[in-house]
Every structure is written in structure tokens, then in C-alpha cells.
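Here it is, the structure, as C-alpha cells.
Going by the order they are written in, the chains are A, B, C, D and E; count residues from 1 in each one.
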Amino acid sequence: MPIHEKSLIRPEDLTEHEALEIDGVDVSGHWSTFIETRVVSDYNERMEEEIAALPGGEYIHRCWQCSACTNVCTVNDLNPDFNPRYWIYLARMGFEKELLRDKDLLWQCVSCHKCTHACPREVVPEGVMKAMATWAELKGHTAVSPSASFDAEFTEQIVATGKIEEGRIIRGFFKRTGQPLRQAWLMEMSLRLAKHLPILMGIKMALAALFRPRTRNWGKSQAAIEEYLVERDAANKRALNLD
Amino acid sequence: MTTSAPSNAKANATVIADPVSADAPVDREELEQIFDDISSHPRYDHELNGCLNCGICTATCPSAHYYDYSPREIVQLLWTENLEGIHDAMQEKIWACAQCYTCAARCPFGNSPGGLVMVMREVAIKHGMESAKEVLRPFSRVMLKVMSTGNQLAPNMITPDHFPDWGPNISKVEAPLNILRKAIPMPTLHTLETAWAVNLKTSIELYTIWEDSGVLDQLETMDENLFDVVVDIMDEKREDYEDWLEEQDDDDDDDDDD
Amino acid sequence: MSEKYKTVAYYPGCALEGTGHGYNRSTKAVGKKLGLNLVEVPNWNCCGAMEVKNIDPEIQNYLSARNLGIVAEKMNVDTVMAPCNGCYHNLKKVEHDIAKKPKTQEVVDRLSQKAGHATYQAGQVETIHALDWIKDAIGEDGIRARIKNSLKGLKVANYYGCMYTRPRNIFPEKDQGPGSESTYKPHYMDDLLAAAGAEIVDYPLKTACCGGAHTLADSDTSTKLVLNLLQTAEVCGADIIATECPTCHSGLEMHQVRAETEHGIKTNVKMLYFTQLLGLALGISGRKLGLQENVSDARGLLKEKGLL
Amino acid sequence: MSNSGEKFTGHGEEWRDAKLSAQDAATATSWVELKIDKRAMLTNKDRVEDVRDAMWELEKDGEIIVHRVGDQHEPVMAKTLYGWDKKIPTNQLWHHKSCGQCGNIPGYPASLLWLMNQTGTRYLDETDQTSCTAWNYHGSGIGNIVSLAAVFLRNFHQAYVSAQAEGLDPGYYYPLVHCGTSFGNYKEIRHFLMHSAELREQVRKILAKLDRLIDGKLLIPEEIVHYSEWLHVMRQRIAAKQQIDASSLRVTIHPACHVYKMVPEDVIYDDDVLDGNRVAVSTGIMQEMGTQVIDYSTWYDCCGFGFRHIISEREFTRSFAIDRKIKVAVEEAHADVMVGHDTGCITTLDKNQWIGKAVGKDYALPVMADCQMAALLCGAHPYKIVQLHWHASPFEGLMEKLGIDWQTAKAEFEAYLEDVAEGKIETLYDPKRAITSGEGYQR
Amino acid sequence: MTEPILIVGGGPAGLSAAQALSAVGRNSILVEKEDRLGGAPIISGYAKLVPSDEWAKDAIGGMVSRVAESDLVDVRSGARVTEFTGAPGAFTATLSNGESCQVSAAILATGFTHFDSINKPEWGFGTYPDVVTTVQVEQMISSGKGVYCPSDGRAPERVAILLCVGSRDRQIGREWCSKICCTVSANIAMEIREQLPECSVYIYYMDIRTFGLNEIKYYWRSQEEYRVKYIKSRVAEVTSDGNRLLIKGEDTLVKRPIAIPFDMVVHAIGMDPNVENDSIAKVFGVDLQAEGNIAHQSNYGGTGVTSRPGVFVAGAAIGPETIDDSIAQGQAVAMSAMALSPLAAAAAE
């Protein structure tokens, strides 16, 4: 007889044998199905420290679970599984397995800062979510997210020249994430713009694409930032016990 | 979304639909009737006083070990009169409860979440809910047994066919069941069809209780076939008993003749 | 009219040299018309936007601090105006962090020293938004006095986005009672455009998010959020959504197109920078305000309303 | 603080002593200037109601008649959770059997009756009784307070009048409930009955039809007594009959939820058993008989029976029984046996071990009831009386540890089965007494 | 000349009343059943008090010596009042040591009794040596030995503090909030973290009631500075696997059952009514509240007024109370007793 409340059990917690005979007795299927417990049996006390050490995570320990962040969250409105309050808690107590169930949601924060605005304890949930996403990437639980690719592309351009150019960002991002540049909606946008864009403007934008806008005498700033980034990268890895 | 987009037609105000499930919406009236039946149940006020949301009930709940089931949630749904949530819980969650009543032994407010689950199960049956029917289906064998004899379980029900998962050693001595039963040193247990020998009159008294307490009506709502079978068996037993009574009268008459 | 903000340092930021060019043009044109001087920060660099912060918040602070440092050291003004919400936010943020977090000051000092320029200390420069600039320097009365072409009959929803108001603690001047800007229900743009004659619709999503950070990284989310903004504006009866940020503005435009091409959902509301609307009221030509550079082309509508 | 090795500290011989110095121990406990009675606040009945007080009121008002535990029942007083008294009758007992016990663990009631024979206890085991129907109610939801109450009072009425069949006065026998669920259910229902005039009226109507009223009134038992309570108060007398040394036996107790968690204020806690910190039954007799009672981390957990689950969702039952009980008893407590005091628990824990092989959880822990173990230690025949062959868990090793020659016993039993087939049946009491009315009744 | 005022109980409230009376030149007789003054903070060996952070032996000890040194306070320790007769202005108190005295009024500062955790056996106290109470941890700290597991003296690596032990629990007839345990527990948690920086401390709570400024100093600070973790869960049972203690709970914020190992479990025990309240009530002829504390009338007409004219009550004898508030009440009630007694005496003449 099948389990009536099956939707209340996670599939990975069920052990079933399609065909099984023990001591000459056929106990296939539900006759030998076992359920694994969902009880959390320990705290992982390293996890909070690890996330606190990553950029944005430093105030995670302040959270007292009032849920103001989740209540105001833009993305939570679209997807109730996107729950900063809950994730912060999981990270604090080290419920690693649980947090990883949502690993592909963590990066979807749109940085609207509503949570940071609402938080009575200045936890900066937005930063903590970024730190958690970074944690999941550095630990190898997730691939580099589109959002992180975008951040990297963006930052690299700034570090290199002191400024960004939007066309170059778009091209660089699509290249990094292996997407075609000729996306229908972008084509349509360009088309509409071209309809009424004066030729002069077109030329200017094309020039900007060729000759990257840059801040003069940027070299020393670039070197200083790059040095800091190497330091930071090493610190992140150290905090996570990675080599 | 923060405000509903105009293209989304507003749901009919009298119908509550779960935005993420494809299940048919339930009438508000039906939801209210269900809650009314729960909250007016004679057990209800005994079992629910308030709630501190402390979680001790779920902490100690065996079902919560395996199911995404939480007595605390059940209590909260009832205490906050969350009609949709109550209806939803009655589809699946209330059947996860193992009825051990550890929750009741622990609750600092003196609630009995397990008792509330029983109330909800009774009401699920009253409303002929599909969930209740589904749960009852595999239970019908023991149900028939208890309703028609007064014993929940009979020795001949425990067979390898029905309990392969209990292994090859249901009995460790090879002998026919009736012999093994007779080797029990209690005369009342020399039975196969019932756990102990039940007096015919006793079964009939129990049947009267089923009739007069509304249990038979419950059964009829849930499983008409089973209901018919039970009624047939009991009618027959009543006849047998009447016959026997008449015989007794005759015997008495005979005695008088002596 | 006060002398306040008569001359301010102008920090346009990267977007105003790209997709936000219309904002750049209209801001300068409006300033000129109002007799306010904008002096561009020499050799500025990107503020770091949202993205650098995600790599490391202190690098972003350094980037923003470098710009403030230039204003403090090389320009004879004590105020810098940033029309872009992102830039404005970041300059405000570094001001806050330098004042409150020793670590930020330490990193900014260290990197500035290595880069060979003066470091920035809290309190040297005041950062304002284009809205503060016009609101405080000219005010509603000043606008009313200069109207050539009232926006009467134009129904406008004002959209401020996230970075102009959140989080509260980096905007100590906001939420200070009557007259001050509100983080919960900002009104500077409403005040100015109302003074210019526009009919301001009650728009509940003034500070909702357009998903600008994920325009490319998670386009579906951005489209959903933008569509909600657009459809709600239409429900509220707006012809125009007035914007005050190049990222929000282009986000609304891009995802309006995307909703149409990818999901077949068409919306008609048009986006205009608030400076473009103000400029029209002040009698500046559409071309000088860069109306032709907007993807959502409002010129037909404006002609209908007799504003062009 | 328990800091003497003598006291129950849980884990048998290897348990670490607290090793507090006398001064530390004094400091640690000096703040308790006065040993406060168990749940002192509740001994004051102004704050928590004792349902028996409500019964006396109703009886005074002429609404009910209370079936008393009288001197003839030779009661022994026990202390309950709040320190209240509970009268446990020790003689003239009416066996209210358990469907699950009789159905598949017949050695359970047989051992109990055998112990009564050994201790000279008079009793009646008769056919005029039904299941309490609470298993059905908790499992399916079919049934209700009215039906449960009517079944309860019908059975207890029969207990009251049964002696008339032997020409004795009504009330001669006092009902002794075998099943933990019946015990919990009857107590719960008695509480509802005492608090609802409407319920009493509904039940009165039904019982009137069945001719089960006394002077038109409901008959309510003064005490609802579980067999394990009888065993507990009889433990010294039973231990006096012990024939087999059990000091090497590591016993884990599985207390039954419906015995000690339902209506907890009526449950026996004995200062001499586990320091009064846990329910006393089963542990008390096992300690009295010299076994090592071993604490384990899931002591408070239920068995996983689940009422409907044992029938139709055994995935839950077997998972819980093995993970939370059997595995812990074997791996943590190194137990030789698990001893319980309720039908469902014994069934669940006994029958659901073998299937653990399917997932590499291969345990073999004998499971039996306290009275079965007590009977065994008093020399009862492991097959003819204790009927261990009905148990699925292996018990042969346990018997070897106790020095019982099970092969010989089994051979004796197999030989006896041949006698049975020929109608030569041995019973614990005169079969005629089992029928008190109707067909087959002989005075 | 009016008779002295009788004060029963030498804890914070009683000491404070005596101090107040002697400050205005009134005589008092202070009867204490123990052989020394100080009440729970001294007799039970509290460590640092909240919210002053002063050691109990200094803070309360100071009060004791001020009272002991006062010529106007007649201290009778090791004695109980066995009889109390008369009327306001002219009462006669008989003591257990056979003495008797004439007093004009009485102040009952008889305090409370710590909840005895033995009455909540499923939380392991009395069964496992490493399950202790907040009072015991206070004693470990105040004795200078530091926090250790009683079973083998080792320093715990992980400690759980369970709040509301003996409070807010109908199962054991104690529905009240004991008011101070949240704050005291946060304080103890910080003390443990300070002494044993490698030890993690978790507090299992239903609500956190560090009222008023204690919020900052205890609840917030314990997290921000000491990284104490708070778990919203009322624990079901504390058992042992033979090595470590196991806490079984539901983390209600994650809606998941948890079973977490700990080295030491601390019961934040609540405040029961004084176990002797029945006899105290009988001797003084005052009413008790349903919960068992000494009943007092509303404060609007006078502080600490009991059902018997001329007999007043202050501090934890009324119900769970903080030390600071007990002290304030002691002083306030001294005023009530003083104001009443000359009037009553005059009326009696």
C-alpha cells in the first residue's frame, strides 16, 4: 500500500527496492520501503564564521529572526522559496544540507535593499545573501552564477580602465556565459533606437565601443585594487579552508 | 507581485483558490462548515486552550521525524482559524499523526494536538473527504472485523500474504494455526476468527452501540460496500440470537413440563 | 532664490555617457536654463555600481571615495551632484562607511596611498541627487515662475526606484519631518513635476524594484518586476513614468520591449527622465532634451498633448 | 542531583559516577533547602482537578454509581505523578483483554494469568467483552466519543455484574485492563463523561437499551487499572517466586505512550523506581527481579505503531521502530532484551525488526512484555505459558543467557501439540467459567 | 513612642526595608529563618547580579553589613515567627526561639523558592549529572572554580540553556513567567563564553523577555559580542546516549525537528512561591493568591497592603521579582508600614 502522505516526505529520504527477496520472502516495493529521518542531528558551527568572513557577510550573527527582510523582499514576492530570513538562520546554525537545497536561488537577490532598509539589527541581509552565494560557489556547490559572472565582467572593466562601457559589458557578459549576442529582444531594442537615433549619436556610440572610455592615469589605482583583490581572494579561501 | 496586475482577473470573492495548486477551489461556505464542525466538537475546548508556538509538540512528535508534519502547525491553523490551511491539512497531514499523544503530555498550555487531529479526522469523515476514503480503504479489513465481531484483530488475519515484511518467522513452531491456538492455556483464546471468543449477545450489544451513536452513518458515508456487508452480517447475527432466545424459551417451557 | 547649489560639482557616471545620454543632456540643459552651474568632476572614475560591491564592498568604497577626493581636493565646491541613483547611492554609502567603519577608512587610505592620490575623509563633500539640486536650488515656486509650457493634462507616475531611498542609514537628511525627502514615500520629483503642471497619479510602486541589477543576469525576473511597474502605472492612469535614474529608466525601456517580444505583453506607458519633462515645461526643445534618444518614444504622445 | 552510584543513573555498570567531592555535592544541592514534592504545585487540587472528585460529586447528586475498589480487592496504594493516591486492586480481578495481545501475542495474557495463579489471585476471564474500539477510532476516525463511552461503560458494567453468574455479588470482580490504549482511552473518556451532562445523557440512553445501567444510572469505575500497575504493586510478591537469576540481563524498557502520556496525572511514579523521575511500571518489576535496567536516549519515544500506520503505512512504523528504538537499544544500550507493557508496542517492535535487513539495519533484539519476562524468570514454560514462539524477534539467545534449555522446552511443546491435536488440552482455569451467559453457559 | 516594625525575611526586600526604616530613625526587628542574612543571592551563592554586574557577595553583602551595623535594626536570625496576634499598632509576634516582641506593623519579605527541576524530569535533571540549574552555574562561577561538567570536571564544549524551566508550563501548574530568567540566562551565557571562549552556548527559548534596557545589555550584547545563539524551541526531552546529552526539539523557525548533542544542559529555573507560604499565611492571617504567593491589594491606595491591616508584603513574596525591584519595594513598603502604624496606634488609643 503506497504511503498516503507521500508529498510530506522528500523523495531522497525514501529507500525503495523495486525487486527484493529476503530469506525467501518477496518484499519488493513498499514492503521494504524505509524512510530516513529528517531530524537535524547537529549544528555546523563553522558555517556562520565562514560566511561572516566573506564580503557582505560580516553582520550575519546579529540576526534575531524577526523576518522583516523576508516580509519586504522583492524576490520573495515572486517566489516564496526565496527567503533571506530562513537562509540566514540556516547559515547561522549550520544547517548546510538545507541551505544547499536552495543554492540556485541564493544569487537571485536583486539588491533592492529593502531588507537592509527594514532590518532592525543592521544585519545587511542583502550582503549576507551575496556572501552565501559566494560561499556556495567557492565551496564548489554551485557553478558561477550569471550574477557573479556579470559582477566579474563589470569589475574587471573598472579595474582595467576606471570606467565601464555598457556595450562592452553586454558583449563580455554574453561571452562569459556562452549566450548569443543576437537575442531577439536586444535586436528589437536596437532597431527601435536606430529608427530615431541621429546618425551622430550612432557614431559616438560606435566610437565608444572602439575606444574604451577610461580614467586618465588609472594605472596606479588599478595596481592597488588588483593587489587588494589578491589579498581578499586569499583571505576568502583561507576562511573557507580552501587551498 | 506587490499589486496584482490588471490582466489577472480577480478571483471570485466567494471561492478560495490556492494560487499554486491545480486543485479545485473549495467553497467558502464549505470551509466554514468544516471549521464549525471542528470547533463545535465536544472534544475541541478540552484540547485547545491557546498556543505559545513553542514547538514542544513537534519536537516530541514521531511523525515529524519522517513527514513534513507538525502538530504545532495544526494547532496554529486552528487557533488562527486559517480555513484554507485547515482544509489543506485535512487532505494529508492529519493522517500522518501517530496518535501517541506525546504532544499532549508535553504541551505547556495543556493542549492536545493529537486530540485535535482526531476531531479533524472525524470531521473529514463526516464530510466524506476523499483523503479519509483513501486512508480507510486498506483499513477496511480490520474495520469489518471490529464492527461485526467486537474484536479488532483475529489470529487468522496475520498471514504471510498480508505481512510479508514481518518475515518468515511469524510463528517459530510449525503447526496448524488452530492447533497452536488451542495450545494457548486460556480457553477464551482457542479461536481463529476473533482474538478471543466473543459472546453472540456481546457482538449484538456492540452493534446497537454502532447504530445509536452514529458510527454506522459514518461508515455509510465512507464506504457503502463495507456498510452493506456489516449490516448484512449483523442482521444475520441478530436473527441467530433471536432464534437462540426462542429456543431458550422453548427449553424453559420444556423444563416447565418436566 | 537662494544661492544654495548654484554651482555644484557634476558627477555624471558611466551610464550618462551611454544609455542615459538623454538624462545627461536634459540635466545640463535644465541647469543652464535655470541658471545653475554644473562643473564636471575632472577625470572621474566609475563609482563601482552594484557589481563591485559584490566582489568586495571596500573596493567599491575606494572607487567612490576617489571621486569625492577629487571634488574635495581639486574643485572649489563642497557639493557634488549625481543624477544617477547608483552613483548617488554609492557616494552616500562611502560617506557613511568612512564615518562609521574604521575598516573602510583603512582600506580607502591604503589604496589611495598606493594609487598616489589624496584620500577622502568623511564630511568633506556633500553628495546630492539631481532632485535635491533642483528642489533646493530652485524649488517649486521657482519652477512655477519659469513655466513656459505647462505640463497640464499629462498624467505622470513618478518612479524613484531603490537606490534613492534605501537603506535609510546612508541618507541621514531624509525622513526629517515636513519638507524633507521621505524614504518611504519620496516626493521631490512629484513636487517638481506638479509645479511644472503635470497631473501626478497616485503610484504605489514609487520605490519598488525594477530588477536593474539582473537585467541581463536574470532577465526573466527583471521583466516580471518591470511589467508589474508598467502595468500598475497604466492601471493608475499614467501616460508617462517619470524617472530619475538611468539604470531604472533603461531597465523599464528594455523590459518593456522584452515583455513584448518574449511574452507578447504590450504596454503603452512611456518613460521620460524628470529633467526631460521639466525641460519641456521650461520651454527647452525636445531635441536638446534628447527625447529622440529614448527607446520608448514619447514624442507622439507629447505632440498629442501639445507639448511638442 | 544524583551522584551516588547506587541510584539509577542510566547506563548500567559502565555509567560514570559524578565524582563530586562531598563539599561540591553539598554546594550543588544546598540551594534546595527543602526537597520539594513531585510537582508540588499540583498536589493542591484547587489548581488541577482530580476527576475522581468530580465522580464523588456526581454520585452524591445521584447521577452515577461508582464501582469502588473495595477491601475485598485487597488494594495497594500507589502514588501517581502529582503524588495523589491510586488504589490498585490485587485480587478478584476481571480480565479485560486486548485484541492485539490475544490475536498475535497470546503469551502476553497467558503469562499474566499464570502469574496470578502463582500468587493465588482470583480472577475471571470471560467471553462477554468487546475490544475498546479505540484502536479503530485512532486509526480511522470512524467512531466517536459517544460510541467509545458506550463501549467503555458496557464492558465495565459486565465486569461489575459478571460475578452473578457464579452466584456472587455484583462488584465482586474489579476490571483489570490489559491494553495500554484501552487504559488511556477509558481514562480520557471518563474525563469527558464527568464533564459533559450531554454525553452522559447520550450514553445513558444507549446503555438503557442494552440493560446496562445500575438503578438507571451509569456505573463509573473508581479507578481504571492497567495490568502493569497490578504487576508493579505485586512486584515483591512475584519476585519472591523468582527461580532464575537475571542479574546479567541488560534490559531496556519501552514505556507505552497511551499508558503514561494519556491522562498522565493517573500514572504511577514511585520514589524507589528511577528516583521517581520516570514512570514506574515495568522498570519497577524488572529492577525487583534483579535485572540491569539500562537507560537509552530514545526512552521517551513512541514505538511507531501509529494505529493506522501499523496496518496501512508500515513504511513509517518499521522505519521508526528500528531507527528510534531497536537500533538505539542494541547499539547504544547493548541490551539483551526490550521489555514493554502494551500490545501495540510489543507487536511493532517485535515484528518490524526482520525487514531491517532490506536496508542493512540487521538487528535481533528480543521483545516481550514485562509479565512475560516475569513469568519466564519465575519458571514458566517458555512455550506452553509464555508462548514465545509467536514472537518474530529471536529469543533463543536470551534464554541461553538465562540458562533456560529452550531446545528441550521446544521439544516438550511440540509433543504437547500432539496432545492438543487429540484434544488433551491444559488450561490455566476451568473453561466453564469463561462463559457467563448465553450459549454454552453452565452455572 | 511607637513600637518597632517587624520585618520577616532578610533578603533584598527585607534588608532594604530595614535600611529605609533605620535611615529615618525607626526601629525594626528583622527575623530571618537562616543563620545569616542576604536571602537567595547570598544563601544560594549567586555570582554577578543583573543588571548591576556587581558580585552578589559585594552588593547584597553590603546591604547585610549596613543592616547589621545599624543600632536601630534588631536582627533575630535562625528564627521563624510562629504566632502573630494583636491589631495594627500593637501586634505581638512570638518567635520559634521562644522570644516574643511588640511591634506596630509587619512587613513580609519572605521571598520565593527556586523551582525544583526534579519536578520536570523529562528534562534530565536528577537523572544526568551534567544537567544543572542556573543557580548551580552561578555557584560554579561565584566559587571561583569556573564552569565545568559535574560528571567528570571537564570544561564543556557546548552548553544549552533551557529557558522557562518551571515557568509558563501548565503541565506542572506554573503558568507564570518568572521574569528574570531570560536576563540571567543571557548573563550566564556571556559568563560562560568569557571563561571558556571555545565553548558554544545555545539558548532555547519560547520568547525572550529581557525587558527594558536589559534588551541591549543582555539580549543584544550576548549575540553581538559573545556570539551566543538563540534557538526558538521548547525542548521536549533531554536524554543521554551514554556520552553526551541529547536535546530533542523542534527548531520552529525552520520547522524541523532537531536532536543535538551537548556536554552540559542548564535549566533556567523559575521562581516558585515560597514553599512555606501556607504556614506563613496561617501565622500572619493573610490571604494567598491562587498561584500561592502572598496576595496584595492594588497599589493605588498604598504599596504592599495585604488582606490583614498592619501586615504588608514586599519583593518576591508577591510573585517573581527582580532584585532591584525587590529593593525598591522594600523601601516603599517601609513607608507604608511607617505611615500606617502611628495612625493606627493613635486610633487604638
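Everything that follows uses one rule, which is that contacts are C-beta pairs under 8 Å (C-beta built on N, C-alpha and C of every residue); 3 or more make two chains touch, one makes a residue touch a chain.
Only a predicted model underlies this, so the values are computations on that prediction, with no experimental measurement involved.
Steps from chain C to chain D, taking the shortest chain of touch contacts, total 2. The greater number of contacting C-beta pairs, out of the two interfaces A-B and B-D, is seen for B-D. Seen from the C-alpha centroid of chain C, the farthest chain centroid is that of D.
Distance between chain B and chain D, defined via averaged C-alpha coordinates, is recorded as 23 Å.
If you average the CA atoms of chain A and of chain E, the two centres end up 50 Å from each other.
Separation between the centroids of chain B and chain E, computed from CA atoms only, is 50 Å. Computed from the mean C-alpha positions, the centre of chain A lies at a distance of 57 Å from the centre of chain D.
Under the contact definition stated at the top, the residues of chain A that touch 2 or more other chains are 1, 4-5, 22-23, 27, 31-32, 35-39, 78. Under the contact definition stated at the top, the residues of chain E that touch 2 or more other chains are 122, 232, 236-237, 248, 251, 257-258.
Residues of chain B found to touch two or more other chains are 1-2, 60, 64-68, 95-96, 102, 105, 135, 138, 165, 167-168.
Chain contact summary for the complex, chain A toward chain B: residues 1, 4-5, 7-10, 13, 22-27, 31-32, 35-39, 77-78. Only residues 97-104, 106-107, 109-110, 113-114, 125-131, 133, 135-147, 150-151, 154, 158, 184, 191-192, 195-196, 198-199, 202, 205-206, 209-210, 212, 257-258, 260-262, 264, 300-302, 304-309, 311-312, 314, 316, 318-320, 323-324, 351-352, 354-355, 383-385, 387-392, 410, 413-414, 416-417, 420-421, 425-429, 431, 434-435, 437-439 of chain D touch chain B when the two sit together in their complex.
Only residues 1-2, 64-69, 92-93, 95-96, 131, 134-135, 138, 160, 164-165, 167-168 of chain B touch chain A when the two sit together in their complex. Contacts from chain E toward chain A in the complex involve residues 200, 202, 220, 223-224, 227, 229-232, 251, 253-254, 256-261. Across the interface of their complex, chain C is touched by residues 55-56, 74-75, 78, 108, 110-114, 116-117, 122, 127, 130, 134, 145-152, 154-155, 158, 162-167, 170, 173-174, 184-185, 188-189, 192-193, 195-198, 201, 205, 208, 213, 215-218, 220-221, 223-225, 227-229, 232 of chain A.
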